[in-house]
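Before any comments, here is the structure.
Lettered A, B and C in written order, each chain numbered from 1.
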Amino acid sequence: MEKTKTINFMAKSSRHRRVEQGVIAVLIACSTLAIFTTIGIIASLIFEAIQFFKFIPITDFLFGLNWSPQTAIREDQIGSGGSFGVLPLITGTFLISAVAMALATPLGLFSAIYLAEYAGPKVRAYIKPLLEILAGIPTVVYGFFAALVIAPFIRMTGSEIGLEVASESALAAGIAMGVMITPLISSLSDDVINSVPQALRDASLGLGATHAETVAKVVLPAALPGIAGSLLLATSRAIGETMIVVMAAGLAAQLTLNPLQAVTTITVQIVTLLTGDQEFDSAKTLSAFALGLMLFLVTLCLNAIAHQIVRHYREQYD
Amino acid sequence: MTDDFTIIPTPHTRRRHKSELRFQWYGKAAIIAALGFLVLMIGSIGYKGVGVIYQTKIELDIQLNADAFDPAQLRKADFSGLVKTALRARFPDVKNRRQKRRLYGLVSSDAGFELRKMVEGNPNLIGSTIKIQLTASDDIDTFIKGKIDKNLPESDRRVKDVEINWIEKLQADNSVVQVFNTAFFTSGDSREPELAGILSALVGSFFTLLVCFLLSFPIGVLAAIYLEEFAPKNRWSDLIEININNLAAVPSIVFGLLGLTIFLNTFGLPRSSPLVGGMVLALMTIPTIIIASRASLRAVPPSIREAALSIGATRVQTTFHHVAPLALPGMLTGSIVGMAQALGETAPLIMIGMVAFIVDVPASILEPATALPVQIFLWADSPERAFVERTSAAIIVLLGFLVVMNLGAILLRKKFEQRF
Amino acid sequence: MSKIVESLPNIPEVLPLDPAPQADPAVRVKPLITARNVNVFYGQKQALQNISLEVPANQVTALIGPSGCGKTTFLRCINRMNDLIDICRVEGSIEIGGQDIYHKDVDVVTLRAQVGMVFQKPNPFPKSIFENVAYGPRIHGLAASKAELQDIVEASLEKAGLLAEVHDRMNAPGTSLSGGQQQRLCIARTIAVEPKIILMDEPCSALDPIATARIEELIDELRENYTIIIVTHSMQQAARVSQRTAFFHMGELVEEGATEQIFTAPRDERTQSYITGRIG
């Protein structure tokens, strides 16, 4: 009756193996979704943009000084150029982002410096998450606040000192956006500043430098590449931000660099063009995709450069 | 040599110490400014929004004369006419047409409907005179809440002197009451601020997040498992990795464009539906979930894998029986944070048409719906002053959900932190 | 050990005339640094116990002892670098030139400008060679003009024996130098501030024998103008460069005296064991 135990090194049943392979196939499929998403984005944007450039020559789009898509609906105007010049949108986007960065850079950097260099662990443990709340608040909330509180305030202050301020000024949207991206800069810069070796601080302090001198002349220059990376990421965020500008910036495309005037941005125009009736055979609707493609490419480049810089920086001190 | 050793600072050094203090002060000022903005923003929105808890009602005596009703068709009766009659009876000296219109405007345009509901609920009331609390119109509500300055010149005021006069009379005999505002939490959107509620938007957000979670959680987790546990380190997996990092930084509106062209135009899925909204948000959330899940898989010690493998488990068994369950809390935490982000997203939903005027509560993921942040955007755009209060209140509700979700994530993380 | 004999003629120069209570005659000139009953704690843990030590001017004093005995801690007390460590607490007094450096009115920045420090691992700033050395004089406002700054930088590099090797690439990054050159750059950076005292924490531990020899020569030259305290793990190095030696063990100062005496006739058994390699 006794059976000797056999030792079998052969593979398990083929059904068993098929199940395993099936599972792995599903896993692979899930992980490639990111690639398909990217392909989907690029393909759909390019496809629609090409349709658009059949109406409007790409040079008119890129170098035109006038943006007023409404007038181009009329039959005789299609392709007549001039109405789809993207430059005012680019300057508008640039203007608001510049205001935002002008506010967020000092706020974010000084917060990061204080947290990394001066604050004790307890203060840090409270302040850091508090600052990060700013990044977690939905952007409609910032947009609402900008339109309801900041813009009227700027207008009032402006008229008090005799300045002409538009009711939807680039400044109002820029300020709200600046606060929104501050935690992005502060938390990335904080990491970067923390990774500067203590030996450099010791060297400077040992020479009799004050803490501030050490930070300004030794730590920050050493951390500069990483900080630059964080600023680029923040800029990319500002350029792609939609709700704040939709709610607090204007709709009229103006070629101006005056932050007290109303300007419009690429994202605002995409939203405006695509809410309401869409006709996928009109230049008006299709232009949104040309704008989207542009936005995607610009933010992609900024992000790629930023990631490269930050990675390079990390390797330097590892 | 020893005599010139000094530790008394020179004037030059004193100046340097001053700039040290200034420098520290900049840091504090930056933090205070950023947090001050936060407090100011939340504070002012909260201040503007809390009023929504109460709704002003006007108490009227209404005569329900039997001859005004057809018992077979109660519905057909002219309920708003009855309300108007009651108002005229309350203020008999109002004669001219313009004044009368103002008078009828004290109560919401929905007042007749409120009366109908009451009568339908209890037909025995017909024939008697009843007391009923009718919703005041938005301007009156705003005025009662003290948000309209009486001292402004009349022409700059939405509420005129006559109306103030009537209100004061009504107040004098306690006919103006503030009750808990159930309508805000139980009704959908409306053109009339005093009737507008967030329920349809909340349900829309819920359906959208549900779709988003059901898609992004399994896909994100499985992708993370593949990348962390199975993927060979080669160019292909590098490509996936780069893609994930880039997607995490693509502007959200671009995802909206993708949803519009692919999901709506190519696949023909229903426009404005939570299904499409959830799919678009899922694409945005997946990178977040993958990144968080990979981190939590990496935190599972290799000894667990070795233990399972050494007793003859396959790699798939090892992963799904031992590693993934240990990493699950971390994955869930990451997903909750991702869901919280998705809950606040507005722009991509606008792109796929979830920006509609939705009165009815959506019953499925295929019906047109809107979402809470989009509702906020829509209300913020409305000219009526009273919508400021609704918008602010909706923001408070939205932030409330975000706080709950993030606290949940934090608690989950705390609970499972020191496992290994 | 032959180096000791060579450096011995230095000692009689400071020999005092009247006999001292101490066994060692050298300290009886007024010491530049006087530590009295110094206790140092890191949180609950005591790292130094009751250290009293006098350091004469213009000599090299070596601190030796097994790892973890508190040499670095003591060194960092002298220019108050320990202030940077939150949990660190210093008791007792350290006087330099008759002034208590832990007095509340003392300005650490001014103190550190006069008590320079060279670290175990060369730590040049990620800047040019010139900027590395110019940094100190700049922040302290020591140079009135560009030309003066240039002079200070060159003189410091010259004193550190590095000028000849780098004069044609002053704008190259400091980190591009070899380890030994980097350490000399750090020394140049320290002396550019014109300190009175230079603290060196195992300055040669990251260097090869040739670079080490070069630095030791340099220390010997610097002695003329500076008071040097050096921490070293190498008995030979202590013997070669220092006139006086202090032996630390488990947070205590076991024995202190002329280097020759410590190495040839230690009074304490623990010193004996350490220098003969039995503990450490």
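FYI, contacts are C-beta pairs under 8 Å (C-beta built on N, C-alpha and C of every residue); 3 or more make two chains touch, one makes a residue touch a chain.
What you see is a predicted model, and the numbers here were worked out from it, not measured in a lab.
Chain pairs A-B and B-C differ in how many C-beta pairs they share in contact, with the greater number at A-B. Centroid distances from chain A, each centroid being the mean of CA atoms, peak for C. In this view the innermost chain, defined by its CA centroid being closest to the centroid of all protein CA atoms, is A.
Between the CA-based centres of chain A and chain C the separation comes to 51 Å, rounded to the whole angstrom.
In whole angstrom, the spacing between the mean C-alpha positions of chain A and chain B is 23. In this assembly, the C-alpha centroid of chain B lies 65 Å from the C-alpha centroid of chain C.
Shared interface positions of chain C, i.e. residues touching 2 or more other chains, are given as 109-111, 114, 139-140. In chain B, the residues that touch at least two other chains are 16-17. Across the assembly, chain A contributes residues 210, 213 that each touch 2 or more other chains.
Across the interface of their complex, chain B is touched by residues 30, 32, 57-58, 96-99, 101, 106-107, 109-111, 114, 139-141, 196 of chain C. Those residues of chain A that touch chain B in the shared complex are 19-20, 23-24, 26-28, 30-35, 37-38, 40-41, 44-45, 47-48, 106-111, 113-115, 117-118, 127, 130-131, 133-134, 136-145, 147-149, 179, 182-183, 186, 210-213, 215-216, 233, 236-237, 239-243, 246-247, 267, 270-271, 274-275, 280, 288-289, 292, 295-296, 299-300, 303-304, 307. Interface of chain C with chain A (complex): residues 79, 81, 84, 86, 109-114, 116-117, 119, 121, 123-127, 135-136, 139-140, 186, 189-190, 193.
By the touch rule above, chain B contacts chain A in their complex via residues 16-17, 19-20, 22-24, 26-31, 33-35, 37-38, 40-41, 44-45, 48, 218-220, 222-223, 225-227, 230-231, 239-240, 243-247, 249-255, 257-258, 260-262, 265, 283, 286-287, 290, 314-316, 320, 340-341, 343-347, 350-351, 355, 373, 376-377, 380-381, 388, 391-392, 395, 398-399, 402, 406. Interface residues of chain B facing chain C in the complex, by the touch rule stated above, are 1-10, 12-13, 16-17.
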